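In order of appearance the chains are A, B, C, D and E, and numbering begins at 1 in each one.
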Amino acid sequence: MNISTIVFLLLSLMAVGSALMMIISKNPVHSVLWLILVFFAISGHYILLNAQFLAVVNIIVYAGAIMVLFLFVVMLMNLNADTEPIKNYRMQLAGICSGGTLLLILVLLTNRMDVEQLVQTNVGDAGLIKNLGMSLFKQYVLPFEISSVLFLSAMIGAVVIGKKEETIDQNTNS
Amino acid sequence: MGTYFSFPDLFIWLPILAGLLCFIPALRNHGKNLSLLFSLIILGVSIASLFFTNDGKYLSFNHVSYIWLKYLGANYYIGLDGVGRSLTLLTAIVFPLIIGSGYKKEVSSSHSFYGLLMLSQAGLMGVFMAMDALSFYFFWELALVPVYFLASKWGGEKAIASTFKFFVYTFAGSLLMLVGIIYVYLHTGGRTFEDGTIAPHSFSLSAFYQASLSVVEQTWLFIVFFLAFAIKMPIFPFHTWQPDAYDQSATPVTMVMSAIMVKMGLLGVFRWLIPMFGQADHLLYHIATVLSVIGIVYASFLAMVQDNVKKLVAYSSIAHIGLMSAALFSMKKMGVQGVFLQMFNHGINIVGMWIVLDIIERKTGIKKISELGGLAIKAPALTIFLVIISFANIALPLTNAFPGEFMLLNGLYQYKPWLAVLAGLGVIFSAVYTLNMIQKVFYGTVKESTSEVSDIEINEKIVLSVIVLIIFVAGVYPQPLIDLTKASADQLFTIIK
Amino acid sequence: MNNTFNLVWLIPTLPLLGFLINGLGRKSLSKSASGLIGSAVVLGSFIISIMTFIQVKQGHTGVIHFFDFLRVSGLKVAFSFQIDQLSSLFLLIITGVGFLIHVYSTAYMHDEEGKDFAKYFAYLNLFVFSMLLLVMGGNFLILFVGWEGVGLCSYLLIGYWYENNNYTDAAKKAFVMNRIGDLGFLLALFWLISKTGSMEYSQVLNAASLAKLTTFDITGITLLMFVGATGKSAQIPLFTWLPDAMAGPTPVSALIHAATMVTAGIYLIARSNILFSSALITQQVITIIGLATAFLAASIALKQNDIKKILAYSTVSQLGFMFLALGTGNYVAAVFHVLTHAFFKALMFLGSGSVIHAMGGEQDIRNMGGLHKHMKVTSITFLIGCLAISGIPGFSGFFSKDEILAGAFGYNTIIYGVALFTALMTAFYMFRLYIITFTGKFRGTHDQEHHLHESPAAMTIPLIILAILSIIGGYIGIPEVLGGHHELAHYLSPIIPTAHHSLSHQTELMLMGLSTALVLGAITFAWIRFRNFKAEQSNGGLSSFLENKWYVDECYEWIIVRPIKKASSLFQHILENRIIDGSVNGVGKLVNYGSRQLRWLQSGQVGAYVLLMVLGMLLLFVIQFFVS
Amino acid sequence: MNAIIISAIWGVLLMFSGVFLKNKSVSKYLALFGSVLALVSTCIEMKTGHSFFNFPMYEMIKTDAFNLLFISIIHGIMIVYFLLNAQEITKVGSHVAEYYALIFFILSGIAIAATFNTLLMLFIGIEIISIPLYILTGSDKRNLKSNEAALKYFLMGAFSTGIMLMGIAFIYGGNPNASFYIDKIDMGHGQMPVFIAMGLVFMLVSMSFKVSAAPFHFWTPDVYDGAPTVFTSFMSTVVKAAGFFAFLRLFEKAFGSMQDQWQNMIAWITFATLLIGNITAVFQQSVKRMLAYSSIAQAGFMMLAVFAMNGKAKEGILLYSAAYSLATIGIFGVLTKMEDYTISGFNGLSKSNPVVALTATIFLLSLTGVPLTAGFQSKFFLLISAVENGNHIWLVVAAVLFAAISAYYYFRVIQAMYFKTAESDDQMVMQPITTQYTFILVLIAILILIIGIYPELIIGWMYR
Amino acid sequence: MDIKAYITLSLVLFTIGIIGVLVRRNAIIIFLCVELMLNAVNLLLVAFSKMHALSPVAKASANFASDAQIFVFFIMVVAAAEVSVGLAIIVMMYRNVHTVDINFLNRLKN
C-alpha cells in the first residue's frame, strides 16, 4: 500500500463519484461542472502515469476549451433544472440494468487474463513532450496533416449549420 | 459456313432482334407482322437445323462457345443435342401458331406485347440449348422476366397478384438452384481456356457431370435442384401458382407458359439433375416419382370439379406433366424416350386447346362451363377441331399423344406396376373431365350466352388445321421424333452408369 | 410376304377414304352422293375381303408389314396386318354386315339434313376402318389402336343427336366404361412386354413365349385382357353402357352394338386362346362372368318394354353365352356364335329399326301390336330372327347355341342347367317381344296407325338377306352328330385347336332334344301369356326389381360416382385451397405480419435505439465468450 | 494516396470557390473535374504502382490493386452521381459550394478508410467520413425532419465512435507487439488473447453501426428518410460501400487468420440484418423509406463478404459496391423527380415517362438481383464466396430466400409503374425533366447491364 | 499498479457514460456522457501504453510507448472537432423546436 496506490484510489473515487453526479444531477450546468471535475481527476491519473503532456492538454483543451464551449451553449439556451419534466422509469431501469450487465461482463472478461501485468507509474519517458513531439512530427506526420481536413470540414459544418436561415416549413418530404 | 453462323446463334439472336425491332418507335404499328415474320423465319431455320443433326460433320453448326468469364471458368456455350432440337423445334412451331391465332385480335400497345413475346422466345430457346451452367441459369431467368410482364400487363383483373405469386415462387426456386449450382461448381475441376487462362473451377456441363460429390452432398443438391424444377413444371404439391396464372394471363402468354415453360423444368431434370446426382439416395427418386403420380390423380380429381374451363385445362396439364416427370424420375429408358416424345406432343396439343378456348372466350366472353352450351350448332368447325384436339389430349391412338403416353406408362410399369395403375386412373379421369367439358360446352341446346356465336376465322382455321395435321402425322408415324431424341436418352443412361 | 395379298391394304383404306371424303366434303356432298360413297367403299372392302377369304381358304396366310410404328429401346412394334383364318372370317362379318347396314342406313337416316347425313356416314366408315384395323392388326398394339378407335366411333355415334343431353350422357358412359376396360388391356400389354419383350402375335402367341411366362404371369395377363374384354363386350361389371347405347341411331346399334364391336372381346380372347387355355383360373372366371351376365341380362330383358332395350339386353345375354363358351375352352363355338349372332341380331335390330321408322320414332312395345298386317316383310324376317335366337332346330342359332350348351354340359352340369334356363328365358322374352309387337291389335295413337307402312326397299332388302343368312348361317358348323363335319372348326383349326369332344353322341342328341323341347314350351307359354296383351302396370317386387335392371346403375352411382365427386370437391376446397395454397399464401401473410410487427422496433426514440444497440452488444459478447 | 490528397485539395478549392465565385454551376463542373482527376490519378497509381506524392508516411497507409481499384470505382460512381444530382444539390440550400467541399472531404476520408494500415488512420478516416455526413444530413435546415435526422445521426455516431475507441484500446492492450499497425495485430492461428477478442467485439459493433448492420442499424431508416434525398443517395451508396471496404480490410488484415473464432458473430449479424432489412421493407409505403430498409437488406448481403473473407469475397464486394451504388443512385435520381414519394405515386409512370420507367425498372431489377443486371453478378459472386467458405451453409440459403422476398417490395414499384394507372390523367406523376437527365439515367442503366453481362470488366483488374 | 485496476476504472467510467446516454434525454447531457466515454478510453490507452512500456519489446524503439499517447492526442483532436459540429447541430435543433429533449425527435419512425 504505497503512496501511489492511495493516490490512485483517491483519484478513482473522485472520478467515478463526479461522473455519477454528472449523470444524476438535474441541472445541465451542474453536469458540465461535474464532468470538468472528472477531467481533472483523469488528468491526475495522467500525471500519476507520468504522461505530463496529455495531462496538460487534457486540462487546457478539454476542461478548458471544450467544456467552456458546452457551458456557453447551455447558458445560451438557459436550460434550467426542469428540462426533463416527465421521467421514463422503465427506460431508466432498463438502461441501468443493461449497463450494469455490460460492466459485469467486461470486468469478468478482464479477469480472464490471469497473468499479472504491471503498469509503470511515476517514471518512464514515454509521456514526455520531447518524445511525443518527435514521433508526432516524424512518424505521425500524415495523420497530423490529415486531421487538418477534419478540422476544415468541422469548420465548414459549423458555418453551414450555424448560419441562421429563414422560415421553417414543417412538411417537405425531401 | 458454320464459322459465319450457326443454328444456336440464330435461335437466340433472331428473336432478340425481332423483339428489339418491335420496340423501335418507327415500327410500333407493325409489331404483330414483324414478330409473325420472324417467328416464321425461325421456324424455317429450326426445320433446316433438322437436316444438320450429325454433330460429327456439322459440329460448328450445332454448337457455339465463347469465353465469357474466364476467371470464373464460365463459357457462353449453347448447343443443340437431340432433345434440344426437338424442344427448339417445338418452340419454333408454337410461336407462329400463337401469333397467328391471335392475328385478328387487337392487343393494347401491341408493339411491346409482341416484343416481349419474342424476347421470351429467345430466353426459352437459350434454356433448351444451354450447355454451361451459368448460361443455363441466365436464360432460365431471362425467360421468366418477359413472361412476368406479359402476364401481368395483359392479364385478367387478378393478374397482378397471381402473376407475382408465380414470379416469386419460381424466383425463390431458381435462387435455391443457383446455390446448388454454385456448390457443384466449387466441386468441379479446373478449366483451361483457349487463351491459356486457367480457372480454378468450371461451369461447363461436362465438368458438372464429373464433379466430385459425396452421396450425401448429392442427396442434398438433388433436393435443391428438384425444388426449382418441381416448382417450374409444376409437380404436386408445388403447383398452386399454376391454375391462377393460366387463368389470369392473356391466352398467348398462357400458351407460352403451358406449352414451353413447363418443359424447362423437365429439361432441367434430365439434362442437369439426373446426370449430376445419379448416386443420390434413390429414395429421393422414388419420392419424386410417387409425388408426380399423386399429382396425376390429384390434378385429375380437381379437373373434374372445375367450372372454369381454363382452370380445367390447367389441371389437366398438371396431370400430363406429372406423368412425364414420373416417367423421368423412374428412369426407365422406354419412359425417358416417351418423355422426350411427349414433351413435343403435349406442347402442340395444349396450344391447340388454348387456342380453341381463347376463341370461345373471345366470342362469348365466358369461361364458365356451366354457362356455355350448344356451340356445336353455332360453330361446327370449331367443335370438330376441339374434339380432335381433346381426344389427342387424352391420348387416343393415332393421335400424337398416344405413342408417348404408351411409352410413359410402359416405363412407369417397368419401374413399379402399381404406379402405372394409379397413373392409368389418371387416364380414365382425363377421359371423364374432357368429355364432360365437350358435352357441356359444345353439345346440348344453344343458350343465350352462345346464341350469336359465329364460326371461326380463316387464320384460326389455318392454325388449327396445322395443329391437327401435326397431331395425326406424329400420331401415325412418331418414329422420326423418337429417333431425333434417341441419342440423348442413350447419353443420359451412359452418364448415370 | 406373298403377293396374293397385295390388295389387302385397301380393305381398311377404302373406309378411311370414305370417312375423309364424307367428313371433309360434308357441306358440299349431296345426301345420295355421301350415302353412295359410304356404302360403296364398304362394298369395295367386302369384295376384297371375299378374295382374301378365298385365298386364305386355299391356305395362304401371312403377315403384311408396312412400317415400324414404334421402335424404341428394345421394343419394336410393326404396323402390320395379319391375314389368317380368324381375321379373314371377321373381315367377312364386318364388311358384309357392315355393307348391308350402310345400305339400310341410306334409307333409315333419310330425314337427316345433308351435312349431318354425311357426318353419319363418315362416322360409320371410320368405325368400319377401326374395326378392320382391330381384327387385321398383326400385333396387340394395332389391335389396341382399333380397339380404342371403335370406342371413339361408338362414342360419336351414340352421341350423334348431340342436342339431347341424355344421349351425350350415354355416349360418355360408353366411352368411359370402355376406357376402364382399356386400362386393363393396356396393363396386360405392359405385363406381356415386360416378360416377352414383344407384342407381335407371331412372337408372343406360341409355345416358345409361353415358356417364358409363369402361371402367375399368364393368369394375370389373361385376367387383365379379360377386363378389357368385359369393357368392350359389355360383361359384368361393365355391361351397363350397352343398353344406354341404344340412344344412337338403330342401324348403329345393329352394326356396333350387336354385330361387330361388342364381339371384339371375343375376338381378342379367341385370338390369344393359347394363353387362355393355359390359364385355368381365368377360364373359370370367364365362365362364371359369362354365365352370370347371360342370366342377368336375360332376366332383365323379361320385363323391358323398349323394343331396342330388349334387344340390347338380349345382346348382352348372348355375349354372355359366347364368353361362357370361351370359358369352357370352346373357342370355335364362341366364334361360331359370333357369326350367327351377327346375322340374326343385326336382322332383329334392323327389323326393330324399320318398326320404329314406321311408328314414327315410337319405341315402346306396349303402344304397338298387330303390326304384322301392316309390314309383312319386317314381321316375317323378325320372326326368323326370333326363331334363330331361341335356337329352333334348322335355324343358325340352334347350331351355335347347342354347341355352347354341349360344351357347358361337358364342363359342369350346374352351369349347363343355368345356361339352359337362360336359353329358355331368351326364347320367352324374344317371343314376348314378337307377339306383343306384331300380333294382336294396334294400341298406338290414331295418326300413328294410318301412318303405318312397310319400309322402302333399301331397308327391306338387307332384312331379307340377313334373314336368309340367319337361316343358313348355321350350316357351316354342323356337328358330327347330325352327320356334318364342322366346316368352321376345320377352317379355324390352324388358329384354334379343335375342342376335345368328350360327350358321346347319345348324350348330345339328348341334350338337343331337351333344349328344343323346353324352348318350344317357353314359346308356347309366351304365346299364351301375351296373346291378348294389355298394357298393365308391373305387379310385385320381383318384376319391378327386373324392370329396374337389378338397380345396377344405382349401385354404381352410389359406390363409385358419388364418392369420386365428393372426394374431388373435398380436395378442391380443403386440400387445394386451404392446405397447399393456404400454406403458400401463408408465407406471404407471415412476411406481411412480421413486417408490421418489426416496424415497432423502429420507435423513433434515440434512447430506445441505443438501448437496443447495447443489448445487441451484450448479445455479441455472450455469443463470443459464453457460447462455446 | 493520390485520391486522398487530390480530393482533400479539391475540397479546399471548392470551399473557396463558394466564397469567390457567385455562379453556382461552376462548382458543379469543378466537382466533376475533381472526381475525374482523382479517378485518372488513381488509375495511374494502379498502373505505375507509386503515387505522385511521396513523403515518409511510415506505412500509415498501404495501397494495393484491390483498394486502388475500389477507390477508382468510387470516383467513377461519383462522376455519375455529380452528373445526375448537381441540379438537386443546388436545391438543398444556399451553401452549394460547401456541400461539394464536404463531399470531397468525405471522399478523401473514404480513400483513407480504404487504404489505412493502422487503427489510427482507420479512426481518423471514419471520422472524416462521419462528421461531414452529420452536416450534410442536417443541411436542409428549414426541414425539421432533416434536423432531427442530423441530431439522431450525430448522437448515435458519437456513441459508436466511443465504442470503436474502446475496441481500439483493448486491441492495443492485448497486442504483445504493442502496435496499432493492423498487420502487427494478427497473431496467426491459435487462441486469441482475451483483450484482442474483446476489442474485436467492440470494433465489430462500431463497424456494424457504420455499415448499418442489425442490430446496430436503427439510425439508418430515420437518417436516410430525413436527410435530403440527394445526400441520402450519396451516403447510402458510396459511403456505405466504403464502410464495408474498411470493415473487410480491418477484419481480414487484423483478424483474418483467426476467422474461425469470430465467424459465428458475423453469421448471426448477417442473418439478423437480412431478416430485419427485408421483412421491414415489405410494409413501407414511402419509396424513400423502403429504399432505406432495402439498403439495410443489401448490407446484409454485403456482410456475406465479411463472413466469407476470401478472394471471391473481395471481387464480390467490388462488384457489389459498383452495382448497388449505380442502381441506388439511379433509383434515387428518379425518386427526386417524383411528385409523390409514396409507392402509389409511381402509378402510371410508364405511360407518362416510358424511358424513365424503363430505367427505373432496370435499377429495381438490379437491386433484386435478376440476371443480366449487375445486381445479379454481385450477389452471385458473394454467394460463391460464402459457399466456398464452407461454414454456415444455412446462412446462404437464408440469404437467397430473403433475396426472393426482396422481390416483393421492389416489384411493388414496378407494378405501380406498369400495371397501375394514375388516379387522374391531368395529375402530374413526375416533375418535368431535361433530356440530358434522362440520358444520364439511360447511361446508368446501360452501365448496369454491361457490368451484369461482363463483370470481369471490373474484377479483371485484380488479375492484371 | 496492476493494469486491471486501470481497466476496471476506465470500464466503470465508460459504463457510466453508456448508462448516461441511456437514461438521460437531454441531448447536451448525452453528448457529455459520450465525452466521458472518450475520456475513459483515453485513460485506458495511457494505462496500456505504460503497461507496454514495461514489456520486453519496449527496448525495440525509443519512443515506443508513446504511440498510444499520440493516439490519445488525436482522439482529443477529433473530439474537439466533433464537439464543434455537434453543438452546432444541437443549437440548430433548439432554434427550430425550442427544446433539446430527444424524446421530441419522433417525426421519423416505423
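Just so it is clear, a residue touches a chain if its C-beta (ideal position, glycine included) is under 8 Å from a C-beta of that chain, and two chains touch if they have at least 3 such contacts.
None of these values were measured; they are calculated from a predicted model.
A.B. asks: What chains touch chain A and also chain E?
C.D. replies: Both-contact set = C, D.
A.B. asks: From chain C, what is the lowest number of touch steps before chain E is reached?
C.D. replies: Shortest path length, in steps: 1.
A.B. asks: Measuring between Cα centroids, which chain is at the maximum distance from chain D?
C.D. replies: Using the mean of the C-alpha atoms as each chain's centre, the farthest one from chain D is C.
A.B. asks: Would you kindly say which chain has the C-alpha centre located farthest from the C-alpha centre of chain E?
C.D. replies: C
A.B. asks: Please find the two chains that have the most C-beta pairs touching each other.
C.D. replies: A-E
A.B. asks: Comparing chain centres built from Cα atoms against the global Cα centre, which chain wins on proximity?
C.D. replies: B
A.B. asks: For chain A and chain C, what's the span in angstrom between their mean Cα positions?
C.D. replies: 102
A.B. asks: Could you tell me the distance, in whole angstrom, between the mean C-alpha positions of chain A and chain D?
C.D. replies: Spacing between the chain centres: roughly 31 Å.
A.B. asks: Cα centroid separation between chain B and chain D, in whole Å?
C.D. replies: Measuring from centre to centre gives 42 Å for this pair.
A.B. asks: Find the geometric centre of each of chain C and chain D from their Cα atoms only, then give the gap between the two centres in Å, rounded to an integer.
C.D. replies: Roughly 78 Å, centre to centre.
A.B. asks: What residues in chain B touch two or more of the other chains?
C.D. replies: Where chain B is concerned, no single residue meets two or more other chains.
A.B. asks: So which bits of chain E are touching at least two other chains?
C.D. replies: 3, 7, 17-18, 21-23, 25, 30-31, 49, 51, 64-65, 67, 70, 74, 78, 81-82, 85, 89-90, 92, 96, 102-103, 105, 107-109
A.B. asks: Send over the residues of chain A in touch with two or more other chains.
C.D. replies: Within chain A, residues 88, 91, 94-95, 98-99, 102, 106, 109-110, 113, 139-140, 143, 147, 150, 153-154, 157, 161, 168 contact more than one other chain.
A.B. asks: Kindly provide every pair of chains that touch.
C.D. replies: A-C, A-D, A-E, B-C, B-D, C-D, C-E, D-E
A.B. asks: Taking the complex as given, what residues does chain A use to touch chain E?
C.D. replies: Result: residues 4-5, 8, 12, 15-16, 19-20, 22-23, 28, 31-32, 35, 38-39, 42, 45-46, 49-51, 53-54, 57-58, 61-62, 65-66, 69-70, 73-74, 76-77, 79, 83-84, 88, 91-92, 94-96, 98-100, 102-103, 106-107, 110-111, 113, 116-121, 124, 126-127, 131-132, 134-136, 139-140, 143, 147, 150-151, 153-155, 157-158, 161-162, 164, 168 of chain A touch chain E.
A.B. asks: What part of chain E is in contact with chain D in the complex they form?
C.D. replies: Residues in contact with chain D: 3, 7, 10, 14, 17, 21, 27, 30-31, 34, 37-38, 40-41, 44-45, 48-49, 51-52, 55, 57-58, 64-65, 67-68, 70-71, 74-75, 78, 81-82, 85-86, 89-90, 92-93, 96-97, 102, 105, 107-109.
A.B. asks: Considering the complex alone, what residue numbers of chain D touch chain E?
C.D. replies: Result: residues 119-120, 123-124, 127, 131, 134-135, 138, 141, 144-145, 147-152, 154-155, 158-159, 161-162, 165-166, 168-170, 172-173, 176-180, 221-222, 225-226 of chain D touch chain E.
A.B. asks: Any idea which chain E residues touch chain A in the complex?
C.D. replies: Where chain E meets chain A, its residues are 1-9, 11-13, 15-20, 22-26, 28-29, 31-33, 35-36, 39, 42-43, 46-47, 49-51, 53-54, 62-67, 69-70, 72-74, 76-85, 87-92, 94-96, 99-101, 103.
A.B. asks: Could you please specify the touching residues of chain A with respect to chain D in the complex?
C.D. replies: 106, 109-110, 112-113, 138-143, 146-147, 149-150, 152-154, 156-157, 159-161, 163, 165-170, 172-174
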